[in-house]
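Structure, as structure tokens:
Chain IDs A, B, C and D follow the sequence of writing; residue 1 opens each chain.
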Amino acid sequence: MQMNREDLLESYRTMRTIRDFEERVHEEFSNGKIPGFVHLYAGEEASAVGVCSHLDGRDAIASTHRGHGHCIAKGCDVRSMMLEIYGRGDGLCGGKGGSMHIADLEKGMLGANGIVGAGPPLICGAAVTAKYRKTGGVAVAFFGDGGSNQGTTLESYNLAKVWNLPVIFVVEDNGYAESTASTWSVGGSQQDRATGFGMPSALVDGHDFFAVHEAAGEMIDRARKGGGPSLLHVKLNRFFGHFEGDAMTYRGPGEIQRLREEKDSLKIFRARVTEAGLLTGDQLDEIDREVMALVNDSITESEAAAPPAHEQLVTDVYVSY
Amino acid sequence: MQMNREDLLESYRTMRTIRDFEERVHEEFSNGKIPGFVHLYAGEEASAVGVCSHLDGRDAIASTHRGHGHCIAKGCDVRSMMLEIYGRGDGLCGGKGGSMHIADLEKGMLGANGIVGAGPPLICGAAVTAKYRKTGGVAVAFFGDGGSNQGTTLESYNLAKVWNLPVIFVVEDNGYAESTASTWSVGGSQQDRATGFGMPSALVDGHDFFAVHEAAGEMIDRARKGGGPSLLHVKLNRFFGHFEGDAMTYRGPGEIQRLREEKDSLKIFRARVTEAGLLTGDQLDEIDREVMALVNDSITESEAAAPPAHEQLVTDVYVSY
Amino acid sequence: MAKKSYRQAINEAIAQEMRRDENVLIWGEDNAGGAGTEGESDAWGGVLGVTKGLFPEFGPDRVLDTPISESAFIGAAAGAAATGLRPVAELMFVDFMGVCFDQIFNQAAKFRYMFGGKAVTPMVIRTMYGAGFRAASQHSQALYPVFTHIPGLKVIIPSSPYEAKGLMIQAIRDDDPCIFFEHKVMYDEEEEVPDDPYTIPFGEANLTREGDDVTIVAFGRMVQMANQAADALEKDGISCTVLDPRTTSPLDTDTILECVEDTGRLVVVDEANPRCSMASDISGIVAQNAFKALKGPIQMVTPPHTPVPFAPELEDAFVPSPDKIAAAVRATMA
Amino acid sequence: MAKKSYRQAINEAIAQEMRRDENVLIWGEDNAGGAGTEGESDAWGGVLGVTKGLFPEFGPDRVLDTPISESAFIGAAAGAAATGLRPVAELMFVDFMGVCFDQIFNQAAKFRYMFGGKAVTPMVIRTMYGAGFRAASQHSQALYPVFTHIPGLKVIIPSSPYEAKGLMIQAIRDDDPCIFFEHKVMYDEEEEVPDDPYTIPFGEANLTREGDDVTIVAFGRMVQMANQAADALEKDGISCTVLDPRTTSPLDTDTILECVEDTGRLVVVDEANPRCSMASDISGIVAQNAFKALKGPIQMVTPPHTPVPFAPELEDAFVPSPDKIAAAVRATMA
């Protein structure tokens, strides 16, 4: 899958949007402006964007507690997302879901999820819909190294295989589940597990947008053609704590700084495309400015926005009751 | 592990006991004497006995809905078992458990189980006890091809690996989960799954007692020495339906008859040991007579036995309340 | 119109809805009769044959077998429903909810609320419940109070073949997640069931019998027990109203309160264990909202706080009986 | 004796029991602070730090981290308990019960009954519950009514640091499966807590306040809300009894009934959703067993039949408040 200039600019813009979104949420959380459990995706941008840049309206994704990046990559509106994270009435979910339940079904984003391992079963269902209706659509489940040990995830590998569903399982292995190392918690290996359930798989460097994009492209292609499920093991890192407030004492000294210097997917992308003469630094700088403005506006708007109306407490439980 | 004559006689006696037990339960169920869901183990004897003949008082096993064979192989009293299956007050579980919940913790038999996939997590706990107390004990989880697709089972593979527990996972693959073929329901393969979680594994012919015995011996040995969990994939067949009453129309024509002729683990055992001059036909015939008498007596006793006293309905819910 | 069994009524309801709406698919263990075997196709149709015949008519795209992976295939029903299908998934026995409850109570049930009203999740989970089958502790539970507790779920408990057909069609057409409780002991019970499709609305209690002295509220299989008790009491000149709420969520609170206003006495009959049960639930609602109408103590008839025993003699003592119900009615009048 | 937080009280109880009995082990996600990392050991001690300090003292054989595999490690607790250990396993949030409930309600809870009284399963499951943390629908539920419904489980809901320590030690020494509910909003609340180990028996309600007019039964965090309401009502000359049952299973029915006999009025305050709740449960028990003593309708104070919303304004409206409790008390006297 060759990417043209527009594709590259678009992917960069999306990665930058995720990065700025998370950096600003981090700031405002520290300022006490944002309530609840907030899990940031900064550092993992190349995974969500490398995969989702292949997707369109036929396709669905399921996410995790660390869902902002997947939402943005699947096209959710940044303003509505920020309003949601602030718990405002005009938020993407009316302020009722918050960061951990942010979703946009119209965009094929089946939701962030507060339950580790809950996405894969759901995505099998979205894949059944696509397969039954012969839309050529695929369904992608993103989950972490920790989520790869949840029985619901492992069962889904088998169901997707047995039902020959157009599913891509993306293991975003950022090295930790909360404070627990994936080197400790994952017996065997992600790829051997895929083999165990009869799925093809690949291991890619999740800081390299192009590596993710290429591997995901093959799998999505195969799935669209009826070739069944695949597993993509993406090695990457998170720049912030498990959730906001995490002191990260379990991480090695200087780990974060080193990562920000050497494993920043945006820096790597920029260097790659400029050195190859595909894009210019100016083009990217302009995007940086535009994105920063967009995200800052969304913060300003969110801070001023109103909470949900009191009646909203008891609405939306059922379609009819 | 060389087996001496006593070992061989003992193993044959146990296999014969299981066979006769199940054949007679089948008969009496057909006569309407036995209530409830009854799942028979006939045809699979070499698996339970091949594995359990290595076990002693330090060791624990967890079983399934098809649990009679595992109980007998782990040393449960046949009379008490039959009384339990009849729902009598003197049954192994006071008549409260029945066939699907037959258990004997003193014998390290953690119970048949009505929930597919429930045994593996429990057996991880038994293994923790053995490991923590340094008894050298091992814990064996028996489950079926169907149970190998339950998330609880798959999670247990990983936990046993990560905690380096003395567990042996024995997949008794009899080709069906109820009416569903394991060739259809199991994506990938049992051994590749073991590799996926970092466990050594083996595939054996479950009609061949010696093959099971040898493979299990190695795994149990390794586990006792702190070498961690293993998975044993046992291919075998059940001679009766999924449960009593199953018309088995999903099975191929003549399948059962062929199996009884060609895949009878008792016939195979007998031929092997007599041809090798290890045991004589007379010795085995004598065991056959003794076992038949024992099982028949247990039926006679069970038919005459009294149901649990009415008060038993509300006892044994708690140790104290 | 012909006599049909509870099993046939459910099967017919599903078949008619599948003919009407191509978005209706079904799946569950052995629902197609067992996949991949060398024997007959449509061999089983579910463990007790409820879906038999659907595979031959609707084929492998709409009638699917599953591995024994409840979290995956129940969750798949939620995911399929949220993306436009109307799946009817089978959780063979409700006792198995423990391996897949998250997909039901945190996912399907909460999508609409968490997503600010933007999700529609039209799915039905068919599941067997109830004691009397000699199936012991892990295949005999009721558990509908647990589902009733969860906002976002609708809980349906049909008490007869006629009720089962109408409520199943309603459930399939309903846009919220529905848990449909089938009593395993009732599958062979027969009554007149219309051949044409029909629906029975949720949240509208069925007044199966009108009386002056005591209101009996009963669920599922307990409705017939309550009516048997009422027959016996009739002879002693005690006349009972027997109310079948049909659904525990939504619950027809108005009709229950009206009946209690009329009779002044209440007995609730619930096959579930007693604590935090439907017996508790109805009692609380009445004690709060119709207190002044009550002439005597509310009586709750339930099994004891124990698992379901295997031995037939114990199991029979576990389940509420017409005698126990009649005794409770008398107690309210004492 | 010193002031200690709810968090410290629980930590101290576990540490003292681990010193007393080498059969006590603990495990759960990050309980040891996170295994296999390059950073500090004992970094976390559970997600909110309740088990911090136990790993350094008791080491890797007795304080274990787990993968995110609740069915496996909660089931392992049942298996370890049935074979002689006394594990204290952590289900981080009770909202996660949906991925492991089978091991709790069909296995641990039923062993003793199914096996004819021959099993002893001394395990404690520590779990966080409750709203007010801005943690939204899947991290804020109460759900203790679901566990209370299950025969074979004991359900403990400590309402303060003092209660938490005594009840935790009792739970660890108890021979039945215990579910210990910790309210996440209360971890930093402090009160005087004795340094020495002590136990508080199960099934003995704590009379936190005695009054003549109305009996308020409240659970966990609701006990302090009820007492705040009672303070306010005192000023208007309404005197309340506030009862903390401490455990919902076993339940101190006698004391509840006695208090209602005395006051003639009952308000039940429950942080769980209303249907088939503890509010229902207590109401039903009282309406059946103390009806004649009741002078007015029972009032149940619970959240609405909705998931827990994220927006702080909505969440605050979701949780029962002293005002709502006071209004309910007035309603019983109207």
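Following the convention adopted for this analysis, a contact is a pair of C-beta atoms (placed from the backbone, for glycine too) under 8 Å apart; a residue touches a chain by one contact, two chains touch by 3 or more.
Please read all numbers here as calculations on a predicted model, not as lab measurements.
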item: Furthest chain, CA centroid comparison against chain C; value: A
item: Geometric centre distance via CA averages, chain D-chain A, whole Å; value: 35
item: Centre distance in Å when chain B and chain D are each reduced to the mean of their C-alpha atoms; value: 39
item: Centroid distance [mean C-alpha coordinates] between chain D and chain C, Å; value: 30
item: Shared-contact residues (touching 2 or more other chains) in chain A; value: 93, 95-97, 101, 113-115, 149-152, 155, 158, 162, 184-186, 317
item: Overlap residues in chain C, where contacts from two or more other chains coincide; value: 67, 69, 71-72, 95-96, 98-99, 102-103, 106, 110, 113-114, 136-138, 151-152, 304-307, 309
item: Chain contact graph, described as a line, ring, star, complete graph or other shape; value: complete
item: Residue ranges of chain C touching chain D (in the complex, touch as defined); value: 71, 95-106, 109-110, 113-114, 136-138, 145-146, 148-152, 248-249, 251, 272-273, 275-289, 291-292, 294, 296-300, 304-307, 309
item: Chain D partner contacts - residues on chain A that touch it in the complex; value: 35-37, 87-89, 93, 95-98, 100-101, 113-117, 146-147, 149-152, 176-181, 183-186, 248-253, 255, 307-308, 310, 312-314, 317
item: Chain D residues touching chain A - in the complex, by the definition given at the top; value: 29-30, 33-40, 43-44, 47, 65, 67-72, 95-96, 98-99, 133-139, 304-307, 309-314, 317-318
item: Residue numbers on chain B that touch chain A, as the complex places them; value: 149-155, 157-158, 161-162, 184-189, 192-199
item: Chain C-facing residues of chain A, complex; value: 60, 62, 91-97, 101, 103-106, 110-111, 113-115, 118, 120-130, 132-133, 139, 151-152, 155-156, 158-159, 162-163, 315-321
